[in-house]
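Per-chain numbering from 1; labels A, B and C assigned in written order.
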Amino acid sequence: MDWRLVLQSVIGGLFNGSLYGVAAVGLALVFGVAKIVNLAHGAFILLGMYLVYVLHDWTSLDPFLLAFAAILGGLAVGWLVQRGLLARLMATGQDGPLLVTLGLWIAIEAVCAMVFGSNPKTVESSLSDATFSIGPANFYWSRLVVLALAVAFTVGLHWLLQHTDLGRGIRAVSQDTTAAQLMGLSVGGLLAATMALGAAAAFFAGALSATLVPITPGAATNLLLMSFVAAVLGGLGNIKGAFVGGVLIGVVEGVGSLFLPGTMKVFIVFLVFIGFLLFRPEGLRRRA
Amino acid sequence: MTTQATTSPAPRRVRPRRRPSLGIIVGIAVLAALALAPLTGSRHSLGIWTVALIFAGVSSGWAIAGGLSGLIPLGHAAFFGIGGYASAVVFAKYDLSPWLGIVVGMVIAAALAWLMTVLAVRFKVRGPYFALYTLAWAEMLRILASNLDYLGKTNGVLVPYKVDAGPADLQFSDPRGFYLVAVGYAALAMIVFLLVKRSPLGWRLSAIRGDEPTAAASGVDVARSLTRTMALSAAMTAIGGGLYAQYIQYIDPELAFNVSVSIDIAVRAILGGAVLVLGPLLGSVAMTSVTELTQKYMDALPSASLLVLGLAIIALAHWFPTGIGGLGVRLKRIWSRRSDRV
Amino acid sequence: MPLLEVSALRVSYGGVVAVHDVSLSVERGEIVCLLGANGAGKSSTLMAISGVLPDREGTVTFDGRELARVASHEIARLGLVQVPEGRRVFPEMTVAENLQIGGIRAPSAQVRTQRMERSYEMFPRLLERRDQLAGSLSGGEQQMLAVARALMSDPALVMLDEPSLGLSPALVEATFDTVRQVREAGLGVLLVEQNAGEALEVSDRAYVMENGRVVLSGPASQIRNDPQVKSAYLGL
C-alpha cells in the first residue's frame, strides 16, 4: 500500500474529525444537562457558517478570527432559544422540546435559503492555499488551524465546566436538578447557559468549516449527522468523549476511503454508529 | 407525542363494543370528497394532491409506529426508499408489474424493520437513541444506493413509459387514474392504522406508550409488540414509496432516503396528530396547502413554505401538543360523552 | 416571631392533594421534628416550603418574609436550606466540589474557603475524602456531605428529610449528634423522620402528620408519652 496515501487519509481524517468533535461537544453538553437531543444543532452550525460569511464580506477579516465572533453569536442564539422557546416545555417532560428543535431546524434552514439563496458561498482564509508536509503527504495549513482551534475550544469548554462556578452549577443540574435547586442554583438560568454554550460550539464548528466547504442551506447536514454519531460514541453527555468520538469518526472515514469508493466511507461510520448504539450505548467511556 | 385520556390504559381481554367514531365518519366523508374532487373541474393541481395523498398514506404508516407505540422513528425514509426502488427496479429491469415491485418492497421493508427493531429491543435502544438509530439505518441505505451500480448510483432508476400501459403498470392516460390510486392508498393506510389501534396489539402499544415497565410487568410482550408494529409500519410506508416512484417515474438516493424525507414523513403525522386516524391526512393536506399558498403568494421566496412549516411546528409544540387533530379530539370527546361510551 | 412559620399549607401534585392542612413553626436554636408514616405528606411539606412544589396554598413565612412569590433558588439564598431525602449529593462531583456548590452564593471566595474549612473541621472524614467522587462514598459519608453541603450556604434554618434512612445504628447516632451540633450553632432545625424514637429524643418540639394533616403537636417529651404515638410510631 502507498504510504503517502495512508498518511494523507489518516491525518486528513484526523483534521476532519476535529471538526466533527467540536460540533459533537455542543450536542453532548446539551443532552447531558437538558436531556434533549437538539435537532436544531445543525441549524446552529449553519448559522455559524453564514455568520462568518457575512462578517467576512463586511469586514474582510480572516475567517478564523471571525470564528470567535461566531462564538458570541452562538451564545446569544442558544440563550434566546432556551429562554424563549424551550424552558416552558421542558417542565412538562414530553416530546415538546424535541419538536421545537425540529421546527427550528426547518425554519432556520428556510431563512438561510431565503436570505442567501441556494448558490454556494465561499469564504477564503489568507491561509487557504498554504500547505505543509508530513513525510510524503501534503496538507493545507488551514486544516491544522482548524484542528488547533477545535482542540482549544474543547479544552476551554472543559476547563469552564470543571473549574468555574458556572461549570460546577451546570454539572450539578445535570446530575440532580432538584438537589441543585435546593442548593440555591437557578436551574432555569443554568439551562439557558448550557444551551448557549452548546449553540456556541455549533456556531464555532460552522465558522471553522466555512473556509473548507461551500456554504449552502444544506451544508450543515453532514456535520450534524457526524456530530450525532460522535456524541453517541463519546457517551451522550460526555464532553471529552464527544470530541474523541469525532476525531475517531474522522479517522475511520479516512481509513475507509482507502478501501472503499466514493461516499462508502460514510457507510462504515454509520455501521460503527449502529454497533455502538447496540452494544455500547454508554459510548467509549469505561463504566462499571 | 403523548396524549392523555384518548386511549385505553392497559391491555384487556374484553373487547369494547365497537361503534364508528366521529373520526371515522369524518374520515370517510373526507376521502369521498377527495375521490370526487377531480370531477368538479380544474385538473391544475391534481398532481400536487396526488403526492399529498401518497404522503398522507406514508405518514399514516409512520404513525402506526410513531404515534401508537411511543417510539420516535426518524428513519422511515429507509422503508419509503425501499418501496420506491423495489417498484422501480422490478418494472424497469425485469419488466414486471410495479404492483409486484411494491409487494417486494413491502416484504423487504418489513424484514428490515423487523431486524432493526429486534436488535433495538434486545439492546434497549430507546428514546432519542432510537430516533438516531433509525436515522442511521436510512443514511446507510442512502449511501449504499448511491454507490451501487445495480441501483444506478446517484442517478437512480428511471421508470420507463410503456406503450399501451394500463392500471397493471400503474400508468394512466387520465391523470385522475393515479389520483384515485392515491386516494385508495391513503384510505388503506388509515384503515390499517385504525385496525391496529383498535386491536389487542393497539391496546398493548398504548400500555407500552403509557409506561413501558408497568406494561411489561403486567404481561405485555414488549419486544413482540414493537417488532410487529415496526414491520407493519414499514410495509405500509413502502407502498407509498413505490407509488411515489411510479408517479414521478423516477427514484434516486436523495428522493428515497434523504434525512429530509424521514423528517417530512414524521412531521406530517405529528402536525396532524400522530395518535389519530385523521392526523396524518390532516397534516399532509395542511402541509401541501401551506406549500401551495406560499408558492402562490410569495413565489419570490421558495423557502417561505418551509419557514411557515417550521414555525407551525414550534407553535404546535407550545399550544397544540396533539396536533391539528387535537381540536377534533375535543369534538370527539363531546361526541363520546353524549353517546356514553363503554 | 418564629424563624419559620407555616400556616394552612396545602400542596398538590398534578391535581392530587398530598398535604391538606399543615401549620407549624420553628424558632432559632430549636429542633422541631415532623413525624408520620410513609406518604403522610412530610416530604411534600418540606418540598413546598423549599418552593420546589409550586402548586401550594397557605402561607410560608421565613425570617419575616412571605415566600409565596420567591423562586426556589432564592429561598435557599435567604438562609432556608434543605437536605433532601436520600441525601442526593452530586455523585459525579468530588466532595470538595459538592461543598463548593453548597456555598455557591457565598459573598466572596474567601468566605467560601472559610466555610469549607469549617466543614472539614466539623467532618474530618470529608477532608480525607476531599478529592473523591461523592458517588463513591459510603452512605454515612454521603449523609455527612449532604449536611455539610447544606451548611455551606450559612443558613439560619436547616430542613433534614429522613437523614437516618438506610444508615447503620452507629451512623444514625452520629447523624443525630450532627443535628444537635447544628442547633448548638444557633440554627433552627426542621427534622422529618420515620425513626421516631431517636428523633423525639433530640427534638424540642414535634408535630405528627397523618394523611396530609397535622394531627398532634407539642413538646417532644409530651409527644413521646402520647399513647397513640407510642403504639403507632415507637412500637411500645
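Going forward, contacts are C-beta pairs under 8 Å (C-beta built on N, C-alpha and C of every residue); 3 or more make two chains touch, one makes a residue touch a chain.
Going by UniProt, the chains are B = Branched-chain amino acid transport system permease protein; C = Branched-chain amino acid transport system ATP-binding protein.
From a predicted model like this one, the values you see are computed outputs, not experimental measurements.
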Open item on the list: Which label fits the chain touch graph of this model best, line, ring, star, complete or other?
Closed with: line
Task: Central chain (by mean CA position) - done: A
Open item on the list: Averaging over Cα atoms per chain, report the distance between chain A and chain B in Å.
Closed with: 31
Task: Centre distance in Å when chain A and chain C are each reduced to the mean of their C-alpha atoms - done: 42
Task: Where chain B and chain C are represented by their mean Cα positions, the distance between them in whole Å - done: 53
Task: Where chain C touches two or more other chains at once, by residue number - done: none
Open item on the list: Residue numbers of chain B touching chain A in their complex, please.
Closed with: 1-2, 72, 119-120, 122-125, 128-129, 131-133, 135-137, 139-140, 143-144, 146-147, 259, 263, 267, 270, 301-307, 309-314, 316-318, 321
Task: Interface residues, chain C side, partner chain A - complex - done: 50, 52, 71-77, 81-82, 84, 88-93, 97, 100-102, 104-105, 149-150, 153
Task: List of chain A residues in touch with chain C within their complex - done: 165, 168-169, 171-172, 175-176, 178-187
- [ ] Over in the complex, which chain A residues touch chain B? Could you list them?
- [x] 31, 36-37, 85, 88-89, 94-100, 102-111, 113-114, 217, 221, 225, 228-229, 232, 236, 261-264, 266-267, 270-271, 273-274, 277-279, 281
